[in-house]
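For reference, the structures are reproduced in the following blocks.
Across the two complexes that follow, subunit A remains constant while its partner is subunit B and subsequently subunit C.
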Partner chain A sequence: MVAFDALKLVFEPQTLIVMICCAIYGLTVGAIPGFTATMAVALLVPVTYFMDPVPALAGVVTLAAMAIFAGDIPGALLRMPGTPASAAYADESYQMSQRGEAETALGMGLVASAMGGIFGALVLILAAPALAEIALKFSSFEYFWLACLGLVAAIAATDAHPAKGAIALFIGLSIGMVGLDPVMGQQRFTFDNTYLIGGLGFIPVLIGLFAVSEALRYGLSPIKRPDILPMKASTMFRGIWGHLRRLKWSIGRGAGIGTIVGAIPGAGADIAAYISYAVARKFSPNRKEFGTGTVDGIAPATSANNAAVGGALIPATVFGIPGDSLTAVIIGVLYMKGLNPGPTVFIMQPTLLYAIFMAFLIANIIMIPFGFGAIALFRKILAAPPGVVMSLVVLACIVGAFAVENTTFAVLVMLGAGLLGFYMEENNLPLAPAILGVVLGPILESTFLTSLAKAQGNYLEFFSRPLAGSLGAITISLIILPLIWKAVSAKRMTT
Partner chain B sequence: MKLSSLIAAAMVVALPSAAFADWPERPVTIVVPAGAGGGTDSTARMLSERLQAKFDVPFNVVNQGQGGGVVGISTIKEADPDGYTIGVIYNFAHYQPMGQADFNVDDFTPIAQYNFDPAGFHVSADNEWGTISEALDAIKAAPGDYSISCGGGCGGSWPIAAATLLNEWGVDMSQVRMIAGQGAAGALQDMVAGGFDVVPSSVPEAGPLIEAGRVKGLAVFGSERLEAFPDIPTLKEETGMENALGAWRGVVGAKGLDADVANQLEAALKEIVESEDWRAQMTGRGFGIEWKNSADFETFMRGEETSVREIVGILGL
Partner chain C sequence: MKFDDGLNGLFAVLMGLGMVLYSAGLPDMPHIDYGPGFFPTLVGYGFILAGSTLIVRRIVAGGGAVDGWVRLRETGRAGIMGFGVILCAILAYVLLVELLGFLLLAPVLLFTMIYWFERRALRAAVIAIVGTVVFHTFFYQLMSAPLPWGPLEPWAGVLTW
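Right after this comes the complex of A and B.
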C-alpha cells in the first residue's frame, strides 16, 4: 500500500517534470569538466527550497545519478573526467576513443552505469527499512559514536594528506560552531551581531565552497580544452549485448562493491570506482589489456560509481550521517523539507521516503535514453562559452543564497565561503571534509552533551550500552590501528 | 504605468506617514521566525493567503528561522511600525532570562492569537506507567532517577509546559534532569531506544510513533481531548489540574503600530479564524484553533512572561 502511494507521488506531473529538468541539468553539468556533482546539487538546493518535498528530493537524487554518469563523457572524448567519480577509468576510455571505439566505450559505460545505479537503488529500497529497525535501538550515545566515525572517515577518505584532511575538517567544524550552541542555546562567536546569532547558514556556505570557488578559479586560469575526439552516437549500442553477456558478473561485482563502498561513511563514488577497477583488473581474464583501453575495465568501475550513490543514501536516510559531500547536501535538503533523517522517518513518513527511493530507481532507468541524448549533444554542451556559464553560476549563487535566508548577510557569507573554498583548493586542502564538518559538528556536539547530561558526567557511560560500546571500540581502533601499523612498519624498516 | 500612479507611488515613498489612512497601499511582509515547512510557517502561509484576499495586496511570508527564531523575532521588533512589516510570533518569554535575546511583551503591538497546541506527555510504549498520575508520583518520589528530554532547548514551549506541571505537583525541580537536544523528533526516537523516560511534545508530532505502538501518550495538557487522538485523556480528567500548557502562535507588529492598522488586521483575523474553511484546514493539519483578541492576547503574553521566567529561574537554565 505504501509502495503504491509512493509511486503515485512520483508519477505526479510536477515530480516528473522536475525530474526531467534535473536529469537534463545534471547531465549538462556533469559533462562539463571541472564541475562536480556536489556543485550541481549545491546550485539546485535554493530552488528546491520552494518546492514540495517529493519533487525537491526526487530532483536532487535524479541530478546526482545523472551527473555521476555524465562525468564519463568528457573522460572518454577529452581525457578530462567530468566529475572526480569518473577519474578512475578516464584514461581507459580515452584510449578506446583514440582507436575510434568511443561509441563502444560510452555505450557500454552508459548501460553499465544504469545497471549499477539500479542495483544500488534496489539494495537501498530493501536494506534501508531493515537497518532502520535496528537503528531504532540507537540512543544519543550510539549517535555520538556514529558522528565520530563520520569525522574519522571524512579525513580518511580524502586523497590528500591526512593532516590536510584534518585541517579542512576543523575549518568545517569551526564554521558550524558560529551562532547559538545546539544544546544550551548560548551565543558563540556572534560579536553581538544579530545575523551571526543565526550562524553561518548551511546553504550559503555550501554554494560558496563548491560553486563560487569554482568560478573564481576558472576566472583566474581558464582551463584549455583539447579537441574532442570524433564519435557517432547512432552506433553506440552496436555490439553491446555481447559485451554485456561476457561481463555480467564483472558488472554485478562492480555494483556490489560500489553499493558497499558508498554505504561506508567517508567513501563515495570516486573511491568506489577506483576499488572496483582494481578488483576487475585482478580477476579479469583479459587483465593484460587493462590500461590499453578495454571495456572490461570501464564497465565494472562505472557501474560501481553509480551504485555508490544508492549505497550512500542508506546511512544518510537511516542514521542521518553523511557519507560524502554529496549526501551531506542531500541530508541538508531532507532536514529543510521536514523529513528528519533517522530511523523514525521510516515510521513517520514512509510514503514520502519511498517515493524518493522510487524516484531514484526511475532516474537510473531513464538514464539510458537521457544519457544517450547527452552523448549525442555533447559537442553542443561544450560549445557554451565557459565565461558565460561561470557568470551564470555566480548569478545563481547570489540569488540562491538570498532566496533561502532572506538576508543580504547570507550573500556575504556565501561570497566569503567562496573565497575560503578558493583559498583551500589553491592550497590543496580538500573541500569535502569541510562540508562534512559543517553537517557533523552540531550532531556531534548535541549528542555528546545530551549523552553526558544523561550520564550525569560519567564518561564510562559512553561504553556501557552494548551497541554504543562496540561502535566506540570500532571508532577508536580506526584511529589507533593505523598509527600502530605505521610504528610497526617503521620499526621493521630500521631493523 | 500611468504618470498619475507614478506620482502617487513617489508620494508614498516620500511621505510614509501619510500612508496610514489608506493602509495597505503596497505589499505587506509577514516575518516568520521559523524555517519553511514547520507549523509556524504553514499556519502563517495559510493566514497570508486569506489576508491577501481581504486586503487585495500581497502579504509576503519571509522565513527567518535562524538562531532558534532570534533573527526573525528581532526583525519584527525592529521593523518600522507602519504596518508593512508584521510577524507571527510564538512562545518567546524564555529568550530574555536565558540570555539569548532581549524580547519583552512591551517590544510588540499584540494583534491577535490564532492557535494553541497543547503539550502531550509521552513515554515509551514499554514504560510501566499507565497514567500521568503514576508518572508524576514516580518522578516526585525519585526526581533524580528520570530524564526528561527538552526536545530542543529547555526554554521551549514543551519542556516549559512539562516543568510547570511537575513544579505544581510538588516535584523538586532542582533534582530533575531536563536534557536539551536537537528537536522533538530526535528525542522521541532516543526515548524509543531507551535514552529518555519522558518526552513532552505536541501530540501530532508523536502521532505516527503512537500509532506504530512505540510510544504512549499519557495526557494532553489542554481543556479537551484532541479530535485526532481521542484515547489520550486530558490533564484535568486524570489529575484535576486545570492547566492549558503548550505552544501558541499569534500575530504582532512592532511597538507603536498605528492603532487603525492594528484594528483592521485584528478584524480581518477574527473573520478568518471564525471561518469554516480555516477550521477545516487547521484541524486537517493537526493544528489547534484558539482565538484571543489583542487585549486578551496581551494579558495572556504578560501572564506567560511572568510564569515562564519564574520556571526558567527554578530550573536554573
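Right after this comes the complex of A and C.
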C-alpha cells in the first residue's frame, strides 16, 4: 500500500516535470568539464526551497544520478572527466575514442551506468527499511560514533594530507557552530549580529563553497574550449549486447562494490569507481588490455560510481550520516523539507521516503534515453561559450542565495564561503570534509554532549554498548592504522 | 593563490587559538558541566594540532613548499581582473540591489561579466537582457522569491505577467 501511494506521488505531473527538467539540467552540467555534480545540486537547492518535498527531492536525486553519468562524456571525448567520479576510467575511454571507438565506450558506459544505478536503487529500497529497524535501537552513543566515522572516513578518503583533511573538517565544524548551540540554545560566534543568531545559512554556504569558488577560479584562468574527438551517436548501441553478455559478472561486481563503498560514510562515487576498476583489472581475463582503452575497464567502474549514489543514500536516510559531499547536500534538503533523516522517518513518513527512492529508481531507468540524447547533443552543449555560462552561473548563485533568505546578508555569506572555498581548493584543503562538517557538526555536538551527560563524564561509557564499542573501534582504527602502516613502510624503506 | 604549508599551518593554529580564547569567554551553564564553549574548545585544539602537524611536516619533510611564502598563479593581469570582475559583481549586488532593484542591476552585472570574458558587446547585451528576464520570471513569478524592484516599484504590476 505504501509502495502504491509512493508511486502515485512520483507519477504526479509536477514531480515528473521536475524530474525531466532536472535530468536535462544534470546531464548538461555534468557534461561540462569543471562543473561537478555537487555544484549542480548546490545551484538547484534554492529552487527546491520553493517546491513541495516530493518533487524537490525527486529532482535532486534525479540530478545526482544523471550528473554522475554525464561526467563520462567529456572523459571519453576530451580526456577531461566531467565529474571526479569519472576520473578512474577517463583515460581508458579516451583511448578508445582515439581509435574511433567512442560510440562503444559511451554506449557501454551508459548501459553499465544505468545497470549500476538500478542495482544501487534496489538495494536502497530493500536495505534501508531493514537497517532502520536496527537503527531504532541506537542511542546517542551509536549516533556519536557514526558521525565520527563519517568525518574520519571523509578525511581518509581524500587525496590530501590527513592534516589538511582535518583542517578542512574543523573549518566545516566551525561554520556549523555559528548561532545557537544545539544543547543549551546559547549564542556563539554571533558577535552581536542578529543575522548570525540563526547560524550561517546552509544554502549560501553550500553555493559559495561549491559554485562561487569555481566561478572565481574560472575568472582567474578561463577554460579554453577544447577540441572534441569525432563520434556518431546513432551507432552507439551497436555490438553492446555481446559486451554485456561477456561482462555481466564484472558489471554486477562493480555495482556491488559501488553500493558497499557508497554506503560507507565518507567514501563516495569516485572512490567506488577507482576500487571497482582495480578489482576488474585484477580478475579480468583481458587484464593486459587495461590501460590501452577497453570496455572491460570502463563498464565495471562506471557501474560502480552510479551504484554508489544509491549506496550513499542508505546511511543518509537511515542515520542522517552522509556518504559523501553530494549526499551531505541531499541531507540538507531533507532537513529543509521537514523530512529529518533517521530511522523514525521510515515510520512517520514512509510514503514520502519511498516516493523519493522510487524516483531515484526511475531516474536510473530513464537515464538510457536521456543519456543518449546528452551524448548526441554533446557538441552543442560544449558550443555554449564558457564565459556566458559562467556569468549566468554567478547570477544564479546570487539570486539563489538571496531568494532563500530574502536578505543581501545571505549573498555576503555566500561570497565569504566562495572565497574560503577558493582558498581551500588552491591550497589542497579538500571541500568534502568541510561540507560534511557543516552538516554533521550539530549532530556530533549534541550526541557527544548528551552521551557525556548520560555517562557522567566517564569516557569509557562510549564503548560500553556492543554496537557503539564496535563503531568506536572502527573509527579509532581508521585513525591509527594508517599511522602504523606509514611507520612500518618507513622502517622497511630504511632497512 | 597558493600559500606555503608553513603559512597554512600557522593560519590553522591562529584560528584554533582564537577559538579556544573565545570559547573560554562563553558563560558556563548552572548545574551543567559541559557548556556552550566545550565543543568549540575541542575544535580549537583540533585546529592547533592539525596546524602544528602541517608546520612540522613542512619543516621536517619539506612537503607543501612554494617559491617564497605565497605563489600567485601565472595568469597575469587579465586573470586577476577576471577574478575581480566576479568578486565585484557579487559585491555590487549586495550594495546596490535595494537601491536599483533587480531588473536594473542584473543586466548591468551580466553584461559586464559576459563582455569581460567573451569580448562581444552585442551578444553580451542581448544575453544580459534575456537572462535577466528569464531569471526574474523564474524566481519572482514562478518561485515567488521577493526580488527587489527599486525605482521600478510603481511599475511592478505592468512588469509582472
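Assume the second predicted complex is superposed on the first by the 487 of 495 C-alpha atoms of A that agree within 3 Å, B and C clash if a C-alpha of one lies under 4 Å from a C-alpha of the other, contacts with A are read in each partner's own complex, and residues count from 1 in each chain.
We take it that contacts are C-beta pairs under 8 Å (C-beta built on N, C-alpha and C of every residue); 3 or more make two chains touch, one makes a residue touch a chain.
Only a predicted model underlies this, so the values are computations on that prediction, with no experimental measurement involved.
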For this session: Could you say whether A:Gln186 touches subunit B, subunit C, both of them, or neither, answering first, second, both or neither?
Result: both
For this session: Could you tell me if A:His161 is touching subunit B, subunit C, both of them or neither one (first, second, both, neither)?
Result: second
For this session: Have a look at where A:Val394 lands relative to subunit B and subunit C in the superposition and call it first, second, both or neither.
Result: second
Seminar exercise, completed: In this superposition, the partner of subunit A with more touched residues, subunit B or subunit C, is C
For this session: Check whether A:Leu136 is in contact with subunit B, with subunit C, with both or with neither, and answer first, second, both or neither.
Result: first
For this session: May I ask you to decide whether A:Asn406 touches subunit B, subunit C, both, or neither, giving the answer as first, second, both or neither?
Result: both
Exercise. Thinking of the overlay built on chain A, is A:Thr344 touched by subunit B (first), by subunit C (second), by both, or by neither?
Worked result: first
Exercise. Which holds for A:Lys248: it touches subunit B only (first), subunit C only (second), both, or neither?
Worked result: neither
For this session: Kindly classify A:Lys454 by the partners it touches after superposition: subunit B alone (first), subunit C alone (second), both, or neither?
Result: first
Exercise. Which parts of subunit A are touched by subunit B and by subunit C alike?
Worked result: 183-184, 186, 406, 449, 453
For this session: Could you pull out which subunit A residues touch subunit B in their complex?
Result: 49, 53, 136-142, 179-180, 182-187, 194-195, 197-199, 201, 336-338, 340, 342-344, 347-349, 405-407, 442-443, 446, 449-450, 453-454, 456
Exercise. Where on subunit A is subunit C touching in the complex?
Worked result: 47, 50, 161, 163-164, 166-167, 169-170, 173-174, 177, 181, 183-184, 186, 188-189, 212, 215-216, 218-222, 385-388, 390-392, 394-399, 402-404, 406, 408, 411-412, 414-415, 418, 423, 426-429, 445, 448-449, 452-453, 457
Seminar exercise, completed: subunit A partner, complex, touching residues on subunit B are 35-38, 62-64, 66-68, 70-71, 74, 98-101, 147, 153, 155, 177, 179-183, 185-186, 188-190, 192-196, 208-209, 212, 214
For this session: Using the touch rule from the top, collect the residues of subunit C that touch subunit A in their complex.
Result: 1-3, 5, 8-9, 12, 15-16, 19, 22, 26-27, 29, 32-40, 43, 46-47, 49-51, 53-54, 57, 63-64, 73, 75, 79-80, 82-87, 89-91, 93-94, 97-98, 102, 106, 109-110, 113-114, 116-118, 123, 127, 131, 135, 139, 143-147
